[in-house]
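Two complexes, one shared chain (chain A), two partners (chain B, chain C).
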Partner chain A sequence: MAQQHETTLSAQRGREGSPWTGLWAVVAKEMADHLTSVRMQILELLILITAGGTVFGALQSIRSARGDNFLFLKLFTTSTDPLPAFVGFLGFLIPLIAISLAFDAVNSEFNQRTLSRVLAQPIYRDAFLMGKFLAGLFTMALVLVAIWLLITGLGIFSLGIAPSGEEVARGLLFLLVAIFYGGIWLALALLFSTIFRQPATAALASIAVWLFFMVFWSMLASMLAQALAPIRLGLIDEVLAQAELIQNLTRISPNTVFVEATMGLLNPTTRSFGLVLPSQLQGALLGSPLPLGESVLLIWPHLTSLIAVTILLFTVAYVLFQRQEIRA
Partner chain B sequence: MDDYVIEAKDLTKRYGDFVAVNSLNLQVKRGEVYGILGPNGSGKTTTILMLLGLTEPTSGWVRVLGFDPARQPLSLKAHVGYLPDEVGFYGGLTATENLVYIARLNGLRRAEAEQRIAKALERMGLQDVADHKVKTFSRGMRQRLGVAELLLKQPEIIIMDEPTLGLDPEAAHQFLGTIRDLANDGITILLASHLLHQVQETCDRVGLFYQGQIVLEGSVPQLARQVLGGAYRVNIQVEQPTEAVTAALQALSGVTRVHHDGSLYVLEASEDVRADAAAAVVHKGGRLQRMDIVSANLDEIYEQYFKGVSHGTAA
Partner chain C sequence: MKKAFVVLLVCMALIGGTAAIAAAQSGETTTTSQPVPLQIFTTYPSQVVGANETASLTLTVRTTTGPQIVALDVRDLPENWTASFRGGGRIVKSVFVQPEQDATVDLRLEPPADVASGTYNFTVVARSDSEEAELPVELTIQERAPARLAFEVELPILRARADSTFRYNVTLRNAGDEDLLVDLSSQAAPVFNVVFKSGSNEVVTLPVKANSTERLTIEVKSLINNIRAGTYPITIQARSGDVAATTDLSAEIIGLSVINLTTPDERLSGDAEAGKETTVTLVVQNTGTAAARNVTLSATAPSGWTTSFDPAELPEIAAGEQIEVTAHLKPAEKALSGDYNVTFRATPEEGANASVQYRVTLRTSTMWGLAGLALIAIAIGAVSLAVSRFGRR
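Let's turn to the complex of A and B:
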């Protein structure tokens, strides 16, 4: 009886086998493609140059301020005029890498007429799309971990001390945040590559969205806040309400979320991202670092929202891809 | 009972209001070469995609090797090879690398895969370019690489869409030879084409497609008998033809129709009547100059049939 029930259930649910059959074959092939592509090599070179420049600058200013805590984190966050900090560069290098990894993921298979041939192999479309996404994510992770190790190594070499356990932990968490920040742009580019048949269109659409959040969204956010929560009487409550609204609106942009999470992790003295009233600071030792657990608590919403949006965008791409007719 | 490896009943595919495939019934026997023939847009590719489970039918029933394409696509696709029209490969990878990817997707072990790839490339005459990037390949070489991929899979059924399209006549002829070779290995082959004359000698049976349906099915001689009234056509050139000669040719058994135009007679016959016709001409005092036989041509069958359809006279 129960068995019979099970078979009808599986018949309703439909398909035999795991949707992930062949997933790793796709991942391996796509990663090999990424890592050998000229496109990726150019971006890696770009990252290396910015990392070299910013970290060299940071080392200069760190040397003059010895005895400080968290020197290794400062390697990433110290800016020396005229260069911004390395994490600042990552804020726009990561989207660039992510978009360049995925904007032609699906449509190039159509244009090369390889899609029908590959999907005629014993795999599901699930494995094909997921494989492409994971390959992009792993490639980004590989690049970021490599650069992190490189910078840390450079730090040990020139500072003459080893990073503490907490610094390593904060560094790894930062990598996780960075990877999923890239995940959003990767999923977005993948989505556009399923929608648009021309890779150029998909690339431009992705870059348009990125520029919108990078440049225009903060302006729009303050305009919106002025309209939605106007300051009529100049009361402190009104000012606070508007400032809070601006902040919440800017957090719609993944860039803001990434910058805040980076600050929380790499700058342990960060206690809050919002406005802090003097009354809330009673009893606080200003300038003293938070323990790791507290910092993680602080950026937890940021990390989860980055992951959630990545999954959401991938799901939309997935649904569209499943419904797509594969004949060109 | 016949052993059918591909069966479709009332298969229908609609795109909005457009009916691409309309209540199609199809049965392909194990080991035969079946040709789905028809003009562009008659539903050939859509039918193939439905057989492979790459497109979902709007309604109808399909089994390929006993597998349901919608529910058991993995088992089905493990045993069925597909060569799409204008087959594409990853241009940046070599021929071998392209095949390695396919071998991995099929879950082949490395040693087994290497052995099969080398064999397949050699059989298709591509061993010398195995390590060349595919973007340097000609259309014909890509097509052969496509077959090498099929060989690698060792399928029971091979489905080809427009396999000779875009090949020069020499390459097309060679490719049809390859298809025959595969059939001699015991593989069932379903091929779709609109180049009727090219594939007619390769197919054991053909189904003529028209507006998403098979309107005629059978071997080429059968179709010829059905549509043209004769499977054979004999051209006879007679110097100074007379009434007596015409009458004698018409009276021959097996001859269904005689066209007479100047010194040329065209006989449509259900069998090879050359010997009798020659005797008849000579007996009636005609001077036989030339005689040849033309076997029926699918193009003609198709044309004749649709002339009939538009006049409402055909079956």
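Let's turn to the complex of A and C:
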């Protein structure tokens, strides 16, 4: 058995053509499917409504307090009383879109018996899965960019000023963070769609993971921290160690990472996340915005980990898909 | 009752007695004075006058005999003197006089310009057809005190800071017998503004009465504040014609060191990296008028930051000089990125210190950025490994 495996391996090394042949055909077809699907349209409508509502509220409060820097970033982050800020909505709308785009990516092809047909074409499996993934990512990027442009345009229209270069740069970086935040959930849903043959199972599994990180992880993190770094004597060091552990544990959740990265980018006065000692703030000019480079440096771990986790999840999905028996 | 009547009687007797005595006396004066046919007299026959002054005497001519014309003349008039009688606004030679009606005439005596002091005697002669009367007049020409001006200064040397006003209280005395109109002037270094004040008014010319004094305040103020320390003489002069008085005042200006702290290009912000030493070049200026001694440099930085200066102490900064100092600033390892205020301070041994707020934009190390990139590289490596390992099935 092992020897047979070895021989197939050596045969694989000499494969003909690029594994990306036909990738763009798959991407184009998938995107066409996504953008015309009712599922996607419902989600787009949902995003539009939340964007309209939150940005309208934000505009009201921004107009009453003019003379501030980074007004265009405030459009995304200002919350008016009943409504959370738009980025808050995005925090759970993006996973929803991502999961809905990918939870049936592979298994529905199985179930409809179209996978063999597709792979009968001169397309490698690599290109098939990569195309599915990229199509989802591009669709999400398209939606997010459209929303971003819409909000910025609305801002220009109602505030009467153009966004500054730094605001645009921060907005684009925020888009990148949002896309790869979606990328994680997209890769996860893709993974589940390769694992589970039933789309419903895949969808439920993805949503379960999402809910786990969204709702339960923060509770679990504090419980874990209490167990791992208990406060026995009530010393400052113990309290600090526990708080730091809680923060590091919650950062396992992509939600926390996304929220922190958003804060760092859209709120330029953010200097640090989590616990800040008063001694660190001594002499600091609070409220002065960080230079863009520093803000990027601050959220750099967040952005890179989002990208890396997206790629790794995709890799896992890829490996599992490659090892699957698909001639059904 | 009886007693009261007696008092009344005594009173009446007294009143009557005094009335009688008064009547007796008046009768006596009228009877004893012998009538003089022609009289000429003046109330003040002996007068003292100054040189160049015209003496004027009012003469009264009286007669008892009958209406007559009286010719007037001055006898024994010294050489170059002029005497004239005036009446009714004109020069007259004679007066008409009647009994019981006195005639008055003014005698004006003008001494020559170069009259010597001393006593001069004249005789005024009044002559009618029948009578003649004489009136000796004595004029003493007094020597005039020459005009003389003098200053008296209460405190001629004042000591104060360069930005204060020096006020000298001066008394100007006119020791002569002549009223003078005095021109006031001063001589001082061009940076000084010298103002003469009488009361609250600025004066340039001042009338000083003969033998009196006028109080003056002389206000001296430097037009620039960073005038060098030292003693500055001020000469003030009062002049009226050939008469002049001068006095010397002096203003001692105390030097003051004024320390100013800035950077060579006056930019008060800069970058620093957490945990790494940055140098900030500071300029310590002495914009004052005296040397600043032992200027120590210090800084107030956020906790965990270390600051040092090279040199940490400046032994002396001469007035108007500046010295560059290098500040070594090392932010804390765990400092958060962002803007911080660091206050640099230069404290001289005496005098006010100078401080400047320097805004430090703290940057954090980009090492973690590389670590993030490495993470992505590992992920991509994993993908390509998977592709090469599991590709084409």
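Simple rule for what comes next: the second predicted complex is superposed on the first by the 316 of 328 C-alpha atoms of A that agree within 3 Å, B and C clash if a C-alpha of one lies under 4 Å from a C-alpha of the other, contacts with A are read in each partner's own complex, and residues count from 1 in each chain.
Definition applied: a residue touches a chain if its C-beta (ideal position, glycine included) is under 8 Å from a C-beta of that chain, and two chains touch if they have at least 3 such contacts.
Treat the numbers as computed from the prediction; the structure is a model and nothing was measured.
After superposition onto chain A, the modelled positions of chain B and chain C are compatible, with room for both.
In the superposition on chain A, A:22 contacts chain B only, with no contact to chain C. Once the two complexes are laid over each other on the shared chain, residue contacts for A:322 go to chain C alone; chain B is not touched. Look at A:124: by the touch rule set out above, it reaches both chain B and chain C. Of the two partner chains placed by superposition, A:202 touches none, neither chain B nor chain C. Here the apex is the CA centre of chain A, and the angle it makes with the centres of chain B and chain C after alignment on chain A is 160°, in steps of 10.
In the superposed model, A:279 makes contact with chain C only, not with chain B. By the touch criterion defined above, A:308 lies against chain C but remains apart from chain B after alignment on the C-alpha atoms of chain A.
In the superposed model, more residues of chain A are touched by C than by the other of chain B and chain C. After overlaying the two complexes on the shared chain, residue contacts for A:106 are found with neither chain B nor chain C. In the superposition on chain A, no contact is made by A:71 with either chain B or chain C. Closest C-alpha contact of chain B with chain C, superposed model: 6 Å. Taken together, the two structures place residues 15, 124 of chain A in contact with chain B in one case and with chain C in the other.
Chain C makes touch with chain A in their complex at residues 300-305, 332, 334-342, 359, 361, 363-364, 366, 368-369, 371-373, 375-376, 378-380, 382-383, 386-393. Looking at the complex, you find that chain A touches chain B at residues 11, 14-17, 21-22, 25-26, 28-29, 33, 112-114, 116-124, 325-327. Chain A contributes residues 9, 12-13, 15, 19, 124-126, 271-272, 276, 279-285, 288, 290-291, 293-294, 297-298, 300-301, 303-305, 307-309, 311-312, 314-315, 318-319, 322-323 to its touches with chain C in the complex. Across the interface of their complex, chain A is touched by residues 45-46, 49, 52, 54-55, 70-75, 77-78, 80-84, 86-92, 101-102, 104-107, 146, 149 of chain B.
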